[in-house]
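As structure tokens, here come the structures.
After this come two complexes, each holding chain A, first together with chain B and then together with chain C.
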Partner chain A sequence: MSDVDSGPLRAPKPKAGTCIKCKTRPSTVVLRHVQYCKDCFLFATTGKFRSAFGKSAISNTTGHKAMVAFSGGPSSRALLHLMKGFQHVGSHQSGQKRLFDELVICHIDETAAFNGSSTLDMARVVVDTEYPDFTFHGQLIEDIYEDEALSSIDKKEKLRQLFAQAGSLTAKEDLLWHIKMHLLVKAAQKLGCTRLILGDSATRIAIKVISFTAKGRGYSLPLEIGGDIHGLYPNLVILRPLKDMLAKEIAIYDHSQGLLNSLVPATNFSTMAPPTASIDRATEEFIVGLDRDFPSTVSTIVRTASKLKLASSMNGQSRCALCHMPIQSGSKDWKQRITVQSTQCTRDSAPGTLTVPENILCYACQTDLSESEGWSRLADDASPSTQLEEFRSLGYPTLLTQDDMHQRIKDFLLDD
Partner chain B sequence: MVKTCVICDAARAVLKRPKTGQQICKECFYHVFETEIHHTIIDNHLFSRGDKVAIGASGGKDSTVLAHVLKTLNGRYNYGLDLFLLSVDEGITGYRDDSLETVKRNQQQYDLPLKIVSYEELYHWTMDEIVKEVGLKNNCTFCGVFRRQALDRGAAMLDVDHIVTGHNADDIAETILMNILRGDTPRLQRCTEIVTTGESLIRRSKPFKYTYEKEIVMYAYFKKLDYFSTECTYSPNAYRGYARTFLKDLEAIRPTAILDIIQSGEAFQIKTEVKMPVQQTCVRCGYMSSNELCKACVLLEGLNRGLPKLGIGKTERLRKQHNLQVSEKPVITETAW
Partner chain C sequence: MATLHIDVEFGGGMELLFKNVREHKIDMPEGSNLKDLITYIRDNLMTAKQDLFVMNDTVRPGILVLINEADWELCDGIEYKLEDGDRIIFISTLHGG
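Our next item is the complex of A and B:
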């Protein structure tokens, strides 16, 4: 290729010295080549957290009930603690009120998908003992099926079957994430929360930028990593206040605040899996390794992604039945033209007139679903409502309502 | 048990298609491979009837297969194109001598006119001499910048409207990843464009944009095409190597990943506050440039003054130190045009 092949410069090894902020205490923490003492590090971290709520902090907090997603991992553990500090500091300031009216901590127990032992009680204990001002909300992943007729055992079995036929580990991991997102959104809406706070760190966001790109999720990427996302779900804003903090920064914070012994152990599909097992695992390995050699990797990726905007073609109507992201029209046709499957396909006209009905799924979810056993049986020319029916019958959850579907079918018929 | 081709359901399957994992026969492979390139050409309106098109030919697999496929499709679908082979002689002993021999054989095999332009003739420097001067660290920068211009100049000599290059889907996907990793948003936006046009008004396009490297190798193998398979003797940049290895890992996990990355890359839209470089012409050689001097002229100036670092990294300071003016006499000779 003819472009200039220059990578970022390697960082020099920092020497031990004094804190750059107070210039008196010895440094104990090195971050982005800058040395801090513990106190100044904590001060900087809480300051960064507060500023992440940004200029819109007041409109984002006051009068709003917020839900914090708490998996119990290092990031969400730090998030919980920082939220407590955020609420606490606010209440001591005179005059204006600048905090959330109420905080609900939502933990999703995913163990039904893996046959693990429940994490619900551990999460509840952390919240009840250390953050008594917050409301705990536990959620079992199998409750994605709201059918009253199904017993708890039935629901677990249904979920296991869904994952068993879902295809590759990449598709399973995506599916798990979509289900968790559905549960968080549903729980937030049911409990009257208008803010959903997620614990994605800069490192996690950088990994998502690359893995989502690799999975064909570029169209919706700005919506999936943004720090302040409006309009994706009705009456619910998604916030990511840790988006400027590195995983290392968060680990140091957890350590310095004594939070490490109250983490909830994670079980998932790729625990112990080799880096070649899924796109998420490979990307994590790649980014973490690259960041070790070139320490600006994560921040550069995050900066690149922050310059992406929503596509001008995006409209609010066509949402993916699985991930709820906007569907880019024409992407199915795009792929068919460059992945010829038969010797009969000889259409010589330019694209524009669709030959196949648009899928009810976005490009990335189509790719995931094409690996599943049930979905591949469904005829390509099925109508969107038939597709949605089949989709539900396979056990996939969806946030799409029948109204959404009518809207979609109407659109499809009107479009030349 | 003998496997039957999943496409024609008749012939014996002899290969597993890298893009889809389908087990198919040789004839069906040729069909899907060529048809996808045909779709790419017509969906993107790459050519008009009567266009004179130069195929950037290096003697390697990509450009050899490109010459073969374009010649085939031009005949089959009656595009009405006038095809040429255009080669650049970088002046790399061993590597380029052998690959140019391959190009000359291709000329006979495909019965296409061939034009060779050399760095020596255009810049009075061969790559061997440049490497002696700059070492192996930045040599690919020189080569990339010079080759791009050399192709344009060769095209101007042939009086063609259009240059096609053998960049494949793997190259594009890798470049998308690279541009995210190094935060180059203007290039991230541009690198997925299938056609680019510069000041030289010569269109450049990539008919293999959606064609997998592995399938190009497979096609050349089954068609017994004559190509030169040794990599350039001056090794590529290490940082790009990380991206390349990662892309191979992704492809192994999910074969569609290469297409999926391109799908993402095409969907990316950059916020307008991000400054896109303004295209202008180089005051020295008239080539399109985002600065007063084009990259090739800056690099050449450095070489000719014994300051090979000029044009790589922080040029301003070096330029001031040595009191260099921008508007000096052109270094490139008349014969270049």
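Our next item is the complex of A and C:
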């Protein structure tokens, strides 16, 4: 054993004792060095969920129609069940009305990107049989292409081509996530939802903090992990009520409620992928491994990252056409300074560093796209309006409206 | 030598590693511990991707183990001595949201 292994931070082998809450029943769960019995664990979990809506509970719930993102995996499965309890308590406690007017459960069937068999019916059955008070909304990922002239087969093919040309697994995972987020936001807005509830756990958020930083997404990180995000999308607030729950807590909750039998199988790029396959997978492996030996890892990362403030330079005007996050101005200069462009003095610029379309894409999306086949066409064109057209012609979705576009072009004209 | 009848269950997506079969009945020789069971599962129930289940002679981080409904961290973990009729559940806590 090395010194590190026997250091004070490493988890001591817990001895089964009594529950810290009721101090009578034997403990069956240990979380962050603390032992609970099953009943007290469940009580603490539902209490934590309710308090996640926090001080803003009333402003965030009453009078609002909310959309819950439901992939059918362990986190969103727990989220759905906890939402049911939350709505139920709210409707039975007179004088304490803390519930949403209506809940829409949105499942995005992403199987077209992987040639998998559809998950839409499974998700619909879970919602219709167990949560009849909620409205189910199924969304096919290929419907990112809204062109009505395209058949469903055409759309699937177009999507497959987009992913095929997207480059590394990291770029593909990022693209998949942007498309899903894009579809959720569009669906929420279309159905009149003013709240979008996501199932990010503390473990997932800790993984995001590290992997997003590694991918150059640090600038917009607070928006990607916050529990109550206003102003990112018009008339839509993003809520993450599971952000203080560990993946382990969620798994135990799912098991205790008998929810593991009705999970929708994950079929994305990194399912069963080796740990070195992408930045996300490698980070997941790193964080989860560290957290097993040092059970404060996830909470420490989440607590530290939650103190991050958005840069004051963020003006909300310039948004990335792909991920919709604010664009940090000057990233082109910064990227050129930190990048070894060429070891040969005769070459004064390397491909891809000359004209970067920083008017339409954030730094991280530029990096992702630089692996794709359409990059050179995009990078060579100096005008943001034609860049945007080119970007769209490659099959990438964009949340930008006509107004955003005009704004973008105006910025460009003023800059030069 | 007596045989220990162990009920093994996979959940949270882990069953994908086991031909989508969630419940298994496994016989282990008397005196076996959890580590022996994990090794047995790796060598007899898996044909591929063993490293997604086992790493460094224990389960991969991110897999929760319940021994008769109790967190394995409260039951000696990998050194737990199996008893006849034990129910061991392996749950993947990651992948999918």
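Just so we're on the same page, the second predicted complex is superposed on the first by the 379 of 416 C-alpha atoms of A that agree within 3 Å, B and C clash if a C-alpha of one lies under 4 Å from a C-alpha of the other, contacts with A are read in each partner's own complex, and residues count from 1 in each chain.
FYI, a contact is a pair of C-beta atoms (placed from the backbone, for glycine too) under 8 Å apart; a residue touches a chain by one contact, two chains touch by 3 or more.
Model, not experiment: these values are computed from the prediction.
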First, second, both or neither for A:Ala149, with chain B first and chain C second: neither
Dominant toucher of chain A (residue count), chain B or chain C: B
Chain B versus chain C as contact partner of A:Lys309, first or second or both or neither: first
Which of chain B and chain C A:Val29 touches, first, second, both or neither: second
Partner chain in contact with A:Gly72 - chain B first, chain C second, else both or neither: second
Partner chain in contact with A:Arg292 - chain B first, chain C second, else both or neither: second
Touching partner for A:Ala364 - first (chain B), second (chain C), both, neither: first
Set intersection of chain A contacts, chain C complex versus chain B complex: none
Sites on chain C touched by chain A in the complex: 11-13, 16-17, 22, 49, 51-52, 61-62, 64, 66, 69-71, 73-77, 89, 91-97
Chain B - residues contacting chain A, complex: 7-8, 19-20, 22, 28, 31-32, 35-36, 39-40, 42-43, 45, 77, 140-141, 144-145, 147-148, 167, 171, 174-185, 187-188, 191, 210, 236-240, 242, 246, 249-250, 252-254, 256-257, 259-261, 263-272, 274, 312-313
Contacting residues of chain A [partner chain C, same complex]: 13-16, 27-30, 35, 38, 69, 71-76, 198-200, 203-204, 247-248, 250-252, 254-255, 260-261, 263-266, 268, 270-272, 274, 284-285, 288-289, 291-292
Contact set on chain A toward chain B in their complex: 1-8, 168, 170, 209-210, 212-219, 221, 275-279, 282-283, 286, 290, 294, 297, 300-301, 303-305, 307-312, 328, 331, 334-335, 337-343, 345-346, 348, 350-351, 363-364, 367
